[in-house]
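Structure first, commentary second.
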Amino acid sequence: MSLPGPKPRSNLEELLEGIWKQNPVFIMMLGMCPTLAVSVSAVNALSMGLATGFVLSGSTLLVSLIRNIVPREVRIATYILIIATFVTVVDYLIQAISLAIYEALGAFIQLIVVNCIILGRAEAHAARNPPLRALLNALGMSMGFTIGLLALGAVREILGAGKLFGISLFGPDFQPWVVMMLPPGGFFVLGAWLLFFNWFNRRKTPVASDKPAQGHAHV
Amino acid sequence: MGLFPFCMPYFPFLNKTFPRGIHPADNKSTATIPIRRLPFATQLTLPLNQHIGKQALPMVQPGQEVVRGQPIARADGFMSVPLHAPADGVVEAIEPRPTAQGTWMDSIVLRVFDASTQEYGWGEPQDMDGLTPEGIVRAVWDAGLVGLGGAAFPSHVKITPPKEGRVHTLVVNGCECEPYLTCDHRLMLELTDDLITGIGYALRALGAERAVIGVEDNKQDAVEAIRRKLPENGLIDVQAVRTKYPQGAEKMLIHSLLGLDVPTGKRASELGVVVNNVGTLAMMGRLLPQGHGLTERVVTVTGPGIARPGDYWVPLGTPMRHVLDWAGAPGVSAREIILGGPMMGQAVASLDVPVTKGVSGILVFDDRHIPSGQDRRVRPCIKCGECLRVCPMGLNPSMLGMLAAKAEYDAMGSTFHLGDCFECGSCTYVCPSNIPLVQQFRVAKAILRERAA
Amino acid sequence: MSAPPRLDAPLPQPASSTAMLRTLGLVAGLCGILIVSAYQGTQEAVTANRKIALERAVFQIIPGAQRVDEYFATRGGLVPAQGNVPDGAVKFYAAYDTAGKLRGIAAEGAARGYADTVRVLYAYDPVRRVINGMGVIYMRETPGIGDKIATDSAFLRNFQALDASLGADPQTLANTIRVVKQGSKQHPWEIDAISGATITSKAVGRGINDSAGRLLPLLVPHLASLKEAR
Amino acid sequence: MSETLPQIFFGALLANNFVLAMFLGLCPFLGVSGRLDTALPMGAATTFVMLVASLCAFGLNWLVTTFHLEFLRLIAYIVVIASAVQLVEMVLKKHSPALFRALGIYLPLITTNCAVLGVALFQTAREYDFIQALTFATAGGAGFSLALLLMAGLRERLQLANVPNVVQGTALVLMLAGLLSLIFMGFAGLGAGE
Amino acid sequence: MSSPLTELRTAPHVKRNLGVERIMSHVVLALLPIAAFAVWQYGLSALALIITVIASCLLTERLCNRLGGVASTLSDGSATITGLLLALTLPPAFPLWMGAVAGFMAIALGKALFGGLGFNVLNPALVGRAFVQAAFPAAITSWVPAYAPERFSAFVPTTWTLPFMTPPDISAWAKAAVDGFTGATPLARWKFENVLTSPIDFLSGAVTASAGETSAILILLCGLYLAARRFLDWRIPVAVLASAALTAWIFQLMDPVRYPDPLFALLSGGLVIGAMFMATDMVTSPVTPLGVWLYGVFIGVLTMMIRYFGGLTEGVMYAILFGNALAPLIDRLTPPRVFGHPRLWSRS
């Protein structure tokens, strides 16, 4: 959770924060459940990202607006109430827009309510910042989350179905890797992305920590 | 043992033993060669501390002439033993000299007279039957005896009845489970009478009811030889135990012979059992009636790098180089020289260190036969579990080794009972990945001791 | 999954309970407005969506149909569907062509397949008393194996005239609809399984058999009342 | 179609394991699976909370369907479950301090765990009756605990391995979770061969 | 003066001459007859598959060495064993490119990820097998007949499928190649058609199955050789096979019509090769004496449970992998009694 640092961030930094430096999927490992569950295709991933973004933006904006009148004691209760409201709203919105997407996402739309990104943002950021900054931060986070979901969904759809956004890429003879659409595939692809980032970061900054990390065994 | 002792040689698998353990090739080719005597070297170096305990106090000055058997250092307290001149000669110096342990230690340097003989010039025969138990302890102490199996623990301490209770059984360790070594084997064959006599002294000193001699069943001739000499009263028994390493470890032998497990953290004497080595007791029987001190011991000199392998009576203080020259070791090509057995012995760097009371064997491996010549590339543990199947203490060396590699010493000590390891080396012997397990355990123990201190 | 409460935070002045109640009430009211307006605003679109989805599924298995009515088959007769399914009732869909003539009946069957429940929609021809169409609504079966139930032409041919007539006892089907090993279909009420996807094939058969077994005894006696569209 | 109790139980425990097949409760799964000592109480606490949630959801669902307030279902679930857990926490603290010490520190973490809300939502969607719902919650919690224990055992063992640097951390845990998930696929179709 | 040639090592100074490489080479040796038999049954396609999978494993191992910046570990022989075992668990006409994927995944996902030999937590060959089972479920259940007359002159059409392409449907080809070929394994035939394969067919290898599953006697003999030389822990196969047979026997007593006899349970599927060569993988099995028995019994019983109640026809692979995943817990719960410690089981 980012507490307000010593130097105030510019609005642009506020927006970019969640896209890269604190990417909820790849860096902060938040909201893993929907990330893995719905990322079987790029469309699902995008829908989930947008839905979460809607809830995140809406609730942080509201939390930020009323931040000065909410007593500490009922803070969390209020936040949960607000988040649950927006989730219910988005639930109906998706039903109205497309039943196919609604059924593909299933229970995970309602489970947005327990996505730790949202409560975390409300608690750590929106409750301490004015509405504009809160909204910018939320938008950045939403974009970061959507990008993370898409990165997962695209890989899983390409390998698992030979398609991207439903468009066939390799012709009818392509052998799909079914495992990618299945639960193990979700874990593997996210793990592989993290591996890639680990490798990339290490290449970028050749730190002297080539020694294996001294793990503490508790046996 | 049992109903048909004469049958036992044909059914070695029925012999008593302990669980697990290993069967290294025994290489005991010197077992059939009678013990030979080594001539005096021109100079003997006698470290003042050849035993576990406090260093002895010199009783001679440089330039002083001594005769064979004369005490030249006296014990400094109960946990210390005197030292006797191994030959007629003159004290050249009392100064620090290198020892096999790699450290320098105050030593009496003796130049041996050319005319020195094997005769003792000191010591009066004593009436052993007239001695009280305390008198026997005193006599053993005066003789400077220590455990000759390698530990060099002062023998008089061992045969003193413990305060915490009565000793009922004296276990005599004739296992000699280390490969290559045959000095105890030869002693049992050649000094059988002295052994029985010595056992009698120890029994009296301890006030124990009985003695059991445990001999590995690859030394059936020694079992027979002892059995022929056993006294009629039935106080002493000899039993063949299965040939297996480390059968000669105190806890293992007690388990094999008596079926008793020494609880962790306790000593055998708390169970009423005392273990002594056959070599020690044989020397007790040989020296005490004459009133002589310990001036020489039997050392197995063997290994692929030795031309005339065998067991030798070696005067204490004889430089290693002299022993090897005499036994025919072309010193230059020797690649590894080990004091003691190959499983628990110690490699030495210099040939100028002396033979001391605790040296039971000198093994020389040359270029072609050096055991480390095999592929010793260390690989990761493949969890084959072989070490668990051999660890006589029932530890999990595989897990201990992995913890050691990650410096998790506390977990090793608390959860995995590192403290029970007595470093027999069985795990390292069998490890297919060449992991230096017991070596890591020594380091870990040292670090844990340091942390505890 | 929330951040654990910060224990080290200094204890602030406790708020008065009126303030707490006021805030909660305000927020709750705000939320209430939001939810209700979202519910009201989307209800129409949601209903329309559902209708379209249903029609698409029904039209696929009943060619020529142009409109779908939802009914409950109850012990007392057929009633237009509304709200929750009453006890003992079975929901079904009556499909009509442009002329308002009954083209067929559709109903849903479900059974546990390999990975999850398989839900299928099947068409019942009231004239020939056979099941003459089948479409998969929901499945998570193994791609390349189980999911062939939706595409395998040989398997789909099973549902061109699958016997579903009622027996002498009008409370049960004359013959249990069952799935048999591929190539061994002998009777009109048997379904040839897909080789290698036996479990999924059997789920389809079981789902249809269960559903038809409950629906048809309630439906058949009142078929006449469905002849014309509502 | 109605499921039998064993089907529900083994389905939620193995074939459709909450963590490894349905991706519910991943945050605690990734976070608390480092040590066996914590994995066991965490699993027990979660199972307990899931049972509480299941009970609450059953009652609430009856309430909202009776009064046709479906649009309030989600809010009701989340608020009531969170409060119920708080209540349980307080009762435990007062009456069973030992149990509270064992489970207490995990309870607040679990309150908004998606496995807990997941139980409530899934049992509603599948229209389970009371016994079925309780079976489902128990099996879900047991499945969560099983996955947690397996993962903790593997991670403790890998503490002693020379895991390459790039694999350290969450990447390794995810890969392990993937492998476990792969293993659990062996239970697919459990009970379907009947 | 100390001789500069003297080596200074700490005790023990002698070692048993039985290194990892020798153990591994004996395992390879023991697998060769089984592989040869598979080639005899299935011909060129099986041979090509075995070679491809082994090559893929070795290349991946080398690649991972290179990436990790460590010396080559090819010589320890473990990658060869993984490749050989993996190839023997695949259908003989499995497309070669899929075989290569399986080999890659076995080594990369099953072993290198955790630091290489000794640190993997799951049997690499089975990880590779489980991956392709999940990735290509149709291809891995496409069987070809044994002893096809043309097996030494022509490849099965699927073998040379272009990389990343779907293999052609070979049911027509297979029916033409061998009369009466059903395309189902004995376990599938029992489960879905209630047809039991006769023990004679099992022994002659005239059944439809993975390359290395069809010769129970040969596998037993090869395993016995390894057990006799103490290169594998005999307790594991004994526990697995005995518990599986016992489970089968109990079920048969309860319902003789539905459940087959224990002999069928033992001979069908990959139970024997799994028990002998995969469950015994040293790295991934427990080390404690009691743990080894528990592990074996668990695998045997779980295999039968999956066969009898699961959606899959065969459960050996998943049962062993599950056993592997349990091994750390088993080891922890069954510490051997340390000499001189109280005899009662106690958590230390």
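Chains here go by letter, A, B, C, D and E, matching the order in which they are written, and residues are numbered from 1 within each.
Throughout what follows, a contact is a pair of C-beta atoms (placed from the backbone, for glycine too) under 8 Å apart; a residue touches a chain by one contact, two chains touch by 3 or more.
Quantities reported herein were computed from a predicted structural model and do not represent experimental measurements.
Taking the definition of touch as given, a chain qualifies here only if it contacts chain C and chain D alike; those chains are A, E.
Separation of chain B from chain E in touch steps, taking the shortest path, is 1.
Among the chains, the centre nearest to the mean of all shown protein C-alpha atoms is found for E. Of the two interfaces, A-C and C-E, the higher number of touching C-beta pairs belongs to A-C. Note: centroid distance chain D to chain E, computed from Cα atoms, is 33 Å. Spacing of chain A relative to chain E, judged by their CA centroids, is 40 angstrom. Between the Cα centres of chain A and chain B there is a gap of 70 Å. Measuring from the averaged C-alpha position of chain A to that of chain D gives a distance of 21 Å.
Contact with two or more other chains is made by residues 1-2, 31, 35, 39, 114-115, 142-144, 199 of chain C.
Among the residues of chain A, those in touch with two or more other chains are 77, 81, 84-85, 88, 92, 114-116, 119, 178-179, 182, 184-185, 188, 215-219.
Each of the following residues of chain B touches two or more other chains: 380, 399, 403, 406, 408, 415. Within the complex, the chain C residues that touch chain A are 1-3, 12, 14-15, 19-20, 23-24, 26-28, 30-31, 34-35, 38-39, 41-43, 45-46, 49-50, 53, 138, 142-144.
Against chain A, the residues of chain D that register as touching in their complex are 20-27, 30, 34-37, 71-72, 74-75, 78-79, 82, 112-114, 116-118, 121-122, 125, 156, 159-160, 162-163, 165-172, 174-175, 177-179, 181-182, 184-185. On the side of chain D, the complex with chain E involves touching residues 36, 149-150, 153-154, 156-158, 161-164, 167, 172, 175-176, 179-180, 182-183, 185-193. Chain D makes touch with chain C in their complex at residues 1, 3, 7, 15-16, 27-28, 65, 71-72, 75, 108-109, 111-114, 188-189, 191-193.
Residues 1-3, 5-23, 76, 115-119, 233, 282-285, 287-289, 292, 331, 335-341, 348 of chain E are the ones that touch chain B when the two sit in their complex.
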